[in-house]
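To start, I am sharing the structure in question, which I have written as structure tokens.
Going by the order they are written in, the chains are A, B and C; count residues from 1 in each one.
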Amino acid sequence: MAPKFMKALAFGAALGAGLAFASGALAKDWKTVVIGMEGAYDPWNLTDSSGQIVGFEVDLANDLCKRIGAECKIIAQDWDGMIPGLKAGKFDVIMDGMSITDERKKEIDFSKPYAAPPAAFMAAKDSAVAKALGPGKVVDISKDKAAGDAAIKAVQAALKGKTIGVQSSTTHANFANKYLKSVATVQEYKTTDERDLDLKSSRIDIALDDYPPIAATLEKPDAKDFMIVGPEFKGDVFGGGEGMGLRKSDADLTAKFNKALDAAFADGSVKNYSMKWFKIDTTP
Amino acid sequence: MGDLGIFGFGPGGWGLALLEGAAMTLLVSACGLLIGAILGALVAWARLSGAAVPGAIGQAYAALFRGLPELLVVYLVYFGTSTLLTSAAHAVGYEGFVGVPSFFAGALAVGVISGAYQAEVFRGAYRAIAKGELEAAVSVGMNRWLMFRRIIAPQVLRFALPGLGNLWQVALKDSSLISVTGLTELMRISQVGAGSTHRPFAFYLGGAALYLVMTLVSNQAFEMAEARATRGMRRATG
Amino acid sequence: MFISSLLKLLGALPLTLEVWALSVVLGALIAAGVTWMRGSESKPMKLFARAYVAVFRGTPLLIQLFIVYYGLSSLPAVRASFVWPFLKSAFNCGVLSLALCTAAYQAEIFRGALLAVAHGQVEAARACGMSGLLLFRRVIFPIALRHALPAYSTEMISMVKATALVSLITLWDVLSVALKIRNDTLVTYTPLLIAGAIYFAVNYAIGAAFLTLERRLSTHLRPRPG
């Protein structure tokens, strides 16, 4: 009897140890986290003259990693290689002003949104649409329905018969297609560069994008003839926000970052970074 | 259109960058042509051997890459090589990620497409060899390697020159598509310069001029090579 | 995901085919003009025709496309002129640029085909009193057409592949839509491979159509049965 019991005990211990080892091997301890950014998406992330990647997401990433007790490595990756790179293990997180959408959720997991900036219209200062819409003003569609509706009607009136440019697969494209397709031509672009080039050559009359990149574009010398016009919308179709992209198999890391984000929201750190880089508060 | 100073070689000038881009174009096209030559020779050999399966594979490869847009092939090779290499590395136990530089992906894309056409050139060139020469070689007891080295290879190269000259030009032009991967060849430099100085007309025209110089010089070079290679041969025309 | 991608990609196929058809036809017209110039007695015309072919065959189509779409639109003179409404549209720019390029290749095909018409046939026709348009329509064109068909088939297929470049000047052709699906869903290969299959199918159909045409037009050249 005793030998049998000892055998069972030994077997149980071995099994337990084996399981502990296995789960230990499977669950990474996340001492280092590799984060992929483009370094070309001003002001989310950009490369400064010394070759360093800086920006809102760099500050936020360093902050969050400190909170979860990991060392962050940020590496540059062009957008096309970002998705395969995450899946293949080149990095563990994507932070690149990536919008949280249902379609993308099928392939990867997202953290909570760390920014939900308003959208902004950009047009030439001396254009008809600029005159019709006037300078930019924030309008929250979800919070104030009446003001939101009025603003949308104003935009529809000003853009009648005109062409608006948006980046494809974004909340702005959704907004334009939902509210403006009936009165204006909606031109979708694969990249914001293409859209901005068309705006400069007057192929389109007005562009719609997130406030931060528009503000960053307008700070450049060649954009001196352009300005933000019309309502800066928040809420409704713009609700999703931007978040960190992670592999579905790393749910533990996602949870860690979400906890860190909660703390960062609570003590105002995220707001500080937002004010520093965007000049407005983009906290969701 | 303004001054041509932007093309200069001074600090503000893009002349040097454009020339470097042209050099990169030549390099990546040459590598692509070489890869294409290897693939083309393999496919030609597969089809000429008469064996059913290799011949079918060769034919399928050629048909596939002649029927797909070159730009699509560039994207597929660019996206695919990283993933493939990483999976292969994982299979042999390597943990990390294997990145593939855009040069290699670009040259491979150009090569894979070129190979599909080079196969036909090599096949036609081989069949142009007088059967009598091959029979004579066998009758004097030459083994297959000697026959290849002395009779087949030199003549295939000679007959293939016009076709290869054309395919070199095609490779030069196809290399401009590699710009979408970010490789700093001539097209990409032109694009960056155009965006940076807001003078797309000047830069794209300048880039086009450099491409034209490359193709015209290449044409001359190939014509001279053909003249040398076919000296002493009787030809159908004068 | 497969079905929805396929449907979205097929939805973009009409645009691809429109660009292809219009540029091929416009290109043929321009090529006819260039060929005529090539055969003319005037030296400057001959020189222009040869230079045209050398330039448009010696430079990448992509850079030609960018010159038309981005280059021309950046010139204030162009934006103020009567061509601006035409050039404003990316579709028009794409068709124009592709047409200019294919015209150079088609001109060479026409030239080769015309050279292949045996002089004896032309002499005989002239001896019967045929000249000018009748000579062209009855003798030169039919013979030249048969010689041109194989090379023309290759050029038609090249043009389908060339339309993929308009994805780089903001047009939503099959390739653009495939890349968009990839961006939306973060799945890389499925949309691209489906797009590849669509292009391949179109090219196969064109090749088969030309083969049938060649066969039908050369029934009189085939050996008699039995």
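The definition used in the following text is that a contact is a pair of C-beta atoms (placed from the backbone, for glycine too) under 8 Å apart; a residue touches a chain by one contact, two chains touch by 3 or more.
A quick note: this is a predicted structure, and the numbers were derived from the prediction, not measured.
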- Message: Chains as vertices, touching pairs as edges: which of line, ring, star, complete or other describes this one?
- Response: complete
- The larger set of C-beta contacts, choosing between A-B and A-C, lies at A-C
- Query: How big is the gap, in whole Å, between where the Cα atoms of chain B centre and where those of chain C centre?
  - Reply: 23
- Hey, how far is the Cα centre of chain A from the one of chain C, in Å? 42
- Query: Taking each chain's centre as its mean C-alpha position, how far apart are chain A and chain B in Å?
  - Reply: 41
- Residue numbers of chain A (touch at least two other chains): 84, 197
- Among chain B residues, those touching two or more other chains are 79, 83, 198
- Message: By the touch rule stated above, which residues of chain C touch at least two different other chains?
- Response: 70, 74, 167, 179, 188
- Message: Could you list, by residue number, the parts of chain A that touch chain C in their complex?
- Response: 83-84, 101, 103-104, 106-108, 168-169, 187-190, 194, 197-198, 201-203
- In the complex, go through chain B and note every residue touching chain A. 78-79, 82-83, 86-87, 96-97, 99, 182, 195, 198
- chain C partner, complex, touching residues on chain B are 1, 64, 66-72, 75-76, 79-80, 83, 169, 172-177, 179-180, 187, 190-191, 194, 198-201, 204-205, 207-208, 211-212, 215-216
- Message: Quick check on the complex: what are the chain A residues that touch chain B?
- Response: 78, 80-81, 84-85, 88-90, 193, 197, 200, 222
- Item | chain C - residues contacting chain A, complex | 70, 73-74, 79, 88, 90, 167, 170, 172, 176, 179-180, 182-188
